[in-house]
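To start, I am sharing the structure in question, which I have written as structure tokens.
So that you can tell them apart, the chains are marked A, B and C in the order they are listed, and the count of residues begins at 1 in each.
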Amino acid sequence: MTLKCRIEAALFVIGKAVTVEEIAEIVKAKPEEVESELLDLLMDYSSRESALEIDDENGYIIQVREEYKDIVEKLIPVELKPPVLRTLSVIALKEPLRQSSLKELRGATAYDHIAELLEKGLITRKKDKNGRSFILKTTPKFAEYFKLKGDTKALAKILDLNKKTSKTIVENEETEGFSGE
Amino acid sequence: MTLKCRIEAALFVIGKAVTVEEIAEIVKAKPEEVESELLDLLMDYSSRESALEIDDENGYIIQVREEYKDIVEKLIPVELKPPVLRTLSVIALKEPLRQSSLKELRGATAYDHIAELLEKGLITRKKDKNGRSFILKTTPKFAEYFKLKGDTKALAKILDLNKKTSKTIVENEETEGFSGE
Amino acid sequence: MDSNVLKKRSDLEFGLEENINTFQTDDKAVDGIEILFEMAKSGKIDPWNIDIADVTDKYLQKLVELKANNLKLTGRTLFFAALLLRLKSDVLEGINVFEEKPEEAQFLDEISDFEEDSESINYNNVISLDEVLERRTSVRLYKNRVVTLEELVKQLEFYEKIDRRLALRNKQKKSVGKYRSYENFTPEDIINMAHDEYIETSVSKIQQSLEKLFETDSKIELNELIDAGMDKVSVYIALLFLASRSRIDLVQDEFYSDLYIVQEINNTV
């Protein structure tokens, strides 16, 4: 039971960048001691062959090294909150979709969502031929997330749903509630 | 970029117990290779002075070592009183479990426990097909917070025997104190 | 040694008899171990030199004679006699019998529970209900993830359904709109509608729709055809033509109730 290990446990559990003082409070030790042990821990991580590292840029955090980020992305496709995700879903389903239509479907907050989705590179926004309105589309990056994890079954299912008659789908919706979110 | 590190990154990000096959799919490698690297990784973790370890009991998972459990409890407390925990144990052992069966096993106070467990998102309660009785199950959140220990099958069987001979657990509860935590 | 043992045996017999009698007259329940213990203490038996077969034989015999029916007591006495023998053999093998033996304690527990219906459960790995749930130490406060791929797919499926529903509703609205616009028909429209060509187009259109619908249903409600995109009047006129050609039958259970279309018997559409 060393202080270094207690700090390591705390960093693992917290999972976000924390200050020396915050750690000190959790492990009940002096900040100076914690800082010195943190440096030691940082060295340990950097010297061994591991996918993990301790970052000390904006507070201390245990994280996956840059080289292995693809695995993180695969497992965490997008850090999107449910409302943003819903907006993305609508765009994906109805693309190419006019920005004005999206607003009708999702309300005015959709504009913020568009900004976030553009920033994450999941959608594009382009003027239509007449230059009058914006057209939204998903990007190859979005498609990549869908293909990942080999979840082709789910995707195929969605495509099938498209083809099927609307009758059954609507019926199902009435009986089962949506459990997402 | 070694396979071992890719596996480590995957385990770190997933944060729940996974099978060799699941890991193999994520890191795109053969299950045999993954298994051998996993063993190697497990040895690495156990041989170094670290607060972390790889558990291989019910699937592979990176976790904090038993000695540093207090830090986990401090940062993410699970505030369940012993009788409620016991009710949760019974549900976990026998799921899917009818609410009426639970009442037989745990007495009428189980209803209050169910309410608390539902509220904490550790169990779900759904009507069965006939819509006549409630079926209780644990949630993914439960799996994230708890794991079952020991010969759970035998214990589930003993619970049934106890019910049959009407020597209920409730009786035992009066006499023995709670030893967990 | 032989004579010694023999002597002890006779002592033992006597002792047992004495103790069992005591037991019988005593109001308090006495355990078999106490009988043996007392006998050992009073030197009537040598705990390190017991002929277990003889002891139990005699003991059982006595119990039968006394018509004692406490099988539990008998069982216990047998068990403890065996335990004494075990201690004896341990001593002979040079094992320190005074050391604590956890397995033995467990064994004792099992024996004391022997009258319970325990079927064939292996208790070795069974732990108490209080210990069965172990707190995981892999939980993290802030996991990077907010949404997984699976959740994304779920959301898409959900919106797929909503989308379908909206599309259906729009379709219905459209047909309702057409029906209403019938009120605004000009005389010219009505003349055109009565035109042979117009009627024939409607008839073949409706016939096609019916063929499809009859694949799954034998009885079709008029409104189902209207949903297909034609106005009510045109549909009705087309149906009258089909009925007069004996392609279909029009059925109405009551005046002003729903109108159904069924296939004419012996005829396909």
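Following the convention adopted for this analysis, contacts are C-beta pairs under 8 Å (C-beta built on N, C-alpha and C of every residue); 3 or more make two chains touch, one makes a residue touch a chain.
Just so we're clear, the structure is a prediction, and the values are computed from it rather than from any experiment.
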Far-end chain from chain C, centres as C-alpha averages: A
Geometric centre: closest chain by C-alpha means: B
For chain A paired with chain B, centre-to-centre distance based on mean C-alpha positions, whole Å: 26
Rounded Å distance between chain B and chain C, as computed from the means of their C-alpha atoms: 17
Intercentroid distance (Cα basis), chain C paired with chain A, Å: 36
Sequence positions of chain A contacting 2 or more other chains: 12-14, 72, 75-76, 149
Per-residue overlap in chain C, given as positions that touch at least 2 other chains: 139-141, 143-145
Residues of chain A touching chain C in the complex: 12-16, 72, 75-82, 85-86, 88-90, 92-94, 145-146, 148-149, 151, 154-155, 157-158, 161-162, 166, 169-170, 172-173, 178, 180
Contacting residues of chain A [partner chain B, same complex]: 1-2, 4-6, 8-10, 12-14, 26-27, 48-52, 62, 64-65, 67-68, 71-72, 74-76, 149-150
Touching residues on chain C, where the partner in the complex is chain B: 116-119, 121-141, 143-145
Chain A partner contacts - residues on chain C that touch it in the complex: 139-165, 167-168
